[in-house]
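Remarks on the structure that follows.
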Amino acid sequence: MRFKLLVIGIAIILLPALAILTTPVSISLAQTDGEPIRIEVSRHGFNQTPGEFRLEVEAGQEVVITFVYGDGDQSDNNPHRIFITGYNIFSAVLDRGNQESTVRFTANETGEVSFMCVLSCVGHDNLQKGTITIQQATKPLEEKEETSSALLSLVAEQSLSGQSLSLKASLRNSQDKPIVNAPVKFLIKVDFFTTGLIEIGEAVTDDEGVAVLEYIPRQTGDVEVLARYKGIETTGLVSIGEGAKTFYQAETGLHSEVSWPEVFVGPQSALEPGEGGAAPVIGIRIPGGLPSLLLLAYILTIIMVWSFYIRVMYQVFRIPSEVARGTGNVNIRLVPLTGMTVMLILVTLLVLILITGLYSHPHILH
Amino acid sequence: MRSRAEDYSQRLTRISLAPLTQTTRGFQLFVLALLAVIAWGAYAYIVQLRYGLLATGMNNTVSWGFYIFNFVFWIGVSHVGALISAILRLTHAGWRTPITRMGELVTISALMIGASMIFIDLGRPDRVLNLIWYGRFQSPLIWDLIGVTTYLVGSVVYLFLPSIPDFAFMRDRLKRGASTLKLKIYTYLAVGWTGTPEQRERLDRASHIMTVMIIPVAISVHTVVSFVFAMTLRPGWDATALAPNFVIGALFSGIGAVLVVMAAFRKFYHLEEYITKRHFRNMSYLLLVLLFAYFYFVLTEYLTVGYKLRIEELHLFTLLLLGKNALWFWSFFISAFVIPVFLILFPKGPIIPRLAVAGILVNAGMWIKRFVIVIPTLQVPLMPFEFGNYTPTWVEISIVAAGFAGFTLILAIFARIMPVMPFVEMTEEAETEASHQTGMLGRER
Amino acid sequence: MRREDKSLTRRQFIKRAAGTAGFLAALSSPLALALNQVKASDSSSESASAKEKIRAWCMVIDLKKCEGCVTIDASPQCTQACIKGHFVPKGQEWIQVYEAELPGGGSFFMPTPCYHCENAPCVNVCPVAATYHTKDGIVLIDQRRCIGCRFCIAACPYHRRFFNWGTPQQPPEALFAEYSPETQVPAIKGTVMKCDFCPDMMRKGKLPYCASGCPMKAIYMGDLNEDVASNGVDVVQLSQFLDRNNAFRHKEDLGTQPRVYYLPGHGQSFGRTPDDSREFKNPEWSWGGEDYERRPSVWPWDKTDKWTWEAQLK
């Protein structure tokens, strides 16, 4: 009997310990009075966590953090230096020679500050998402209850990109009564070089506790949407089909109502840069709209000027008559003939240069 | 009276043809000296090809230097042909006949040197054909290419047309025994000219077309050269009036160049009887008019910009008028405007040396002005950094000197293969005038 | 008389035929270039282009976070990362940190990459389309086509283009890479280079070298089409980010429509005040010699000039 009690007692003691040990300790730490918070800084992240690392402290207290160098198992030195935003605090450089650095500050206002490593170290990206959340010392019980037991549900319709999407968040408290006039934040999960949450808007719940946000999504595929109210959040998945693809249109130049499409004869590959970003190739291209008038006028002027040259050469060509045929078997018209040929070649070349255009501005095309 | 005209035409023919058949020791030495300068310039270019444009003084801030402003200078000088041959012909200025061919020769030589300057400036001259295969019609450099080609071909035609009677004369002269090669060349160039009224009419028609055509072509050439600068967003270049500024400046420096060439040919080929003080006086009036016109452009440009003083233009003016480049700017001003005005308006001393000096000073001043247009603008910092610096190296100086030598050499060679004055035309004009005076005591020419 | 003129001898006929043929041959070569490419496959797969997202790249630089790397006592890390990643020839800084003045007398640091302007003056003036936009709005240079006329350098109002005046000084490993306009490695003598927003990295989902190299995470890469931006740590909605932080573009009144936005600041996120007198350090290249900028002197016989031809050829 005593043995059983002993086992139960040990279990009662051990279970919470187990719970503490098995929960991923590194996700969030709360400050215990008096003791500095020890955070290991290594290439695997803060306390070996590559992702978000959260620290919770209470406002008004002095925060003491000791950063510990965790890359001692490496042969190469991997120095780190931690910076805390908002309070503008740098730790000392942590490396093999200096394994610990303690910083202290008094957390004044509630909110969030970040801390990160500011040196180019190995595993730099794993040390960027440190957060210190400064919370209110006490919370009114009623609010706590309300918050902790409120239920937030999110409904999103299916939509196409470029078309309006309705996000509805319904907020009810523990008595299943709607919470009115509550601001609900909507976020969307985006993968753009890194995964993160973007706040897309805020809506206030109406009399039925429903907050509606109209959003025009620009992504396609399965998108994760979140709604947040105070401490609670809920996620939903929206499937966005392919609708519009272009939301931003680069524009340059004058735009007039009077416009006509351009003339283009050439390979498809001439419409944009080639493989690996290679320079665009030529095609026959007469731009549309008013600029084409300038180009056409230019081409016509060149043709006119050179046709005058050729006409002049032709006059020279006609100079020799029967009487003066030249001595021997000399072709007396050699010079004007050569002249006309050269002129024809040159003018063709010049006009061809003007007609075969290159697309240097494909970002305006689409 | 008849005998006087005959003497005149005989003398004219003899003097015009003399350079084609005789060479003097002096001339040979002169050509050798020019060839030496050109050879040294060629060596400098080979050095530049081998080591890249690092051999020049250009850098990432001042990325255009001697070559580009010399290109602008030579294209500017080339406008004299259009002015003298075309504009003066249209206005029936009879006195211009002896100097038209010199004007055209200057034009062609200057265009050839100018085009070569831009080729020398390329970082990858082996890819110059890309301009043809991949030319973009939106780029001012392509407009340059088209303009210079058109003007060069037009000038060659315009040089050729009035020379046909001269070539025919030489062909007929040579029939009395000379090398068959020379005879062949003159026969080809003479295109069977015999002087019949039909042929004259054809030639007149052709010449008239070219006269009218060459003027807008010439103006368009320097306009597109100015567009290379005016289409950028730099202080000093981003000006609406840059095109007429360049054209007037080109005409101005062209007249100066032809004045020098006139004086030189007159002295070395004994053309005193044909290129007279009257020619120089008329040319000096032209020079004066263009001087005031160009001064007007310079004045308005600097006044309007200087009144507002945008920040980058403030830097430019500080640099140009008061700072590092002030020496250049003010020496341009004095050399191109101040001294020539005095030389022209105050007729102290013989006119021909006076005007030759004025021509040299105008050209020197305009050469400096092209430097002032191109380089100080590039020195102005566009972002928060220091002003740029530019010191030309011996490679650039040698190549530019070779450009001048090349210009002179081409002129000298032309003078040896064709007469520098349209003597047949001049003879006919003299005969016409003499026949009007038959029965009167002719005046001394 | 007329008849004789018009009748051709055989010689004349052959000459004229040859002349015409020659003329047509000369005429056909540029046409052939154009027409041959028509035969080139138009089968650029529609499906591939449909799958790829349409992007409109831009960059946002948060000047509140940029302190010129003076607080960590290093040369600007964005420039260093770019130099390392692209083997930038010695002397060129494709992203360059400038110290600009504030109205009260203080200063702030402005990292300046190529702005990839929508109305790029450099693209407008290039005579051979050696510099051009991609569909994503990035301005690239194909050094295989550049003729080295440097018109684009004269046209750029931000001084962001650099010329390889001599043989570009790069590390030996650069010479083994296969040239691509997206990496610009190896550099080619006599051509122009500049920042290219690292399109090869971005296609793989990685930030450009400067953005990932910045220890303060001040550089954000954005997509104007998807309205999102990220510096590798945070993801933000681009339009809100720009407006709430009073974004501006440099020399916007020139009409170049640059695609790099600045959020005003002076490094205050890292404790830098405007009157901080620390200057940024000069970037370093781990290749190239001391003489990369040396020029010959004015006179070829100048014995005092230690510039040597041999050193330049290395």
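By written order: A, B and C. Residues from 1 in each chain.
Definition applied: contacts are C-beta pairs under 8 Å (C-beta built on N, C-alpha and C of every residue); 3 or more make two chains touch, one makes a residue touch a chain.
Predicted model, so just to flag it, every value in this text is computed and none were measured.
Peer 1: From the centre of chain B, which other chain's Cα mean sits the farthest off?
Peer 2: A
Peer 1: Go through A-B and B-C and name the pair with more C-beta contacts between its chains.
Peer 2: Ranking A-B and B-C by C-beta contacts puts B-C first.
Peer 1: Just how far, in Å, is the C-alpha centre of chain C from the one of chain A?
Peer 2: The separation of the two C-alpha centroids amounts to 21 Å.
Peer 1: Suppose each chain is reduced to the average of its Cα coordinates; what separation in Å results between chain A and chain B?
Peer 2: Computed value for the inter-centroid distance: 58 Å.
Peer 1: Go ahead and note the Å separation of the Cα centroids belonging to chain B and chain C.
Peer 2: The separation of the two C-alpha centroids amounts to 39 Å.
Peer 1: Among the residues of chain A, which are close enough to touch at least two other chains?
Peer 2: Residues 279, 281-282, 349, 353, 356, 358, 360 of chain A touch two or more partner chains.
Peer 1: Show the residues in chain C shared as contacts by 2 or more other chains, in ascending order.
Peer 2: 30, 33, 124, 126, 128-130, 145
Peer 1: Give me the residues of chain B that touch two or more other chains.
Peer 2: Each of 131-136, 138, 142, 145 in chain B touches at least two other chains.
Peer 1: Which part of chain B faces chain A closely enough to touch in the complex?
Peer 2: Answer in residue numbers: 131-138, 142, 145-146, 149-150, 153-154, 157, 160-161, 164, 175, 183-184, 187-189, 191-194, 196, 198-199, 202-203, 205-206, 209-210, 213, 217.
Peer 1: Show which residues of chain B lie in contact with chain C when the two form their complex.
Peer 2: 47, 51-61, 63-64, 121-125, 127-128, 130-136, 138-142, 145, 228, 231-234, 378, 381-385, 391-395, 397-398
Peer 1: What does chain C use to touch chain A in their complex?
Peer 2: Chain C residues touching chain A: 1, 4-5, 12, 15, 19, 22-23, 26-27, 30-31, 33-34, 37-42, 44, 53-54, 56, 71-72, 77, 118-119, 123-124, 126, 128-137, 140, 142, 144-145, 180-182, 199, 205-207, 213, 215-217, 221, 223-230, 232-237, 240, 257, 269-271.
Peer 1: Please name which positions on chain C make contact with chain B in the complex.
Peer 2: Those in contact with chain B are residues 30, 33, 91-92, 96, 98-101, 110, 112, 121, 124-130, 145-151, 153-155, 157-159, 162-167, 189-191, 254, 256, 293, 295-300, 309, 312-313.
Peer 1: In the complex, go through chain A and note every residue touching chain C.
Peer 2: It is residues 81, 83, 85, 88, 90, 116-120, 124-125, 128-129, 190, 192-200, 218-219, 245-248, 250-253, 265-270, 272-273, 276-284, 322, 331, 337, 341, 344-345, 348-349, 352-353, 356, 358-366 of chain A that touch chain C.
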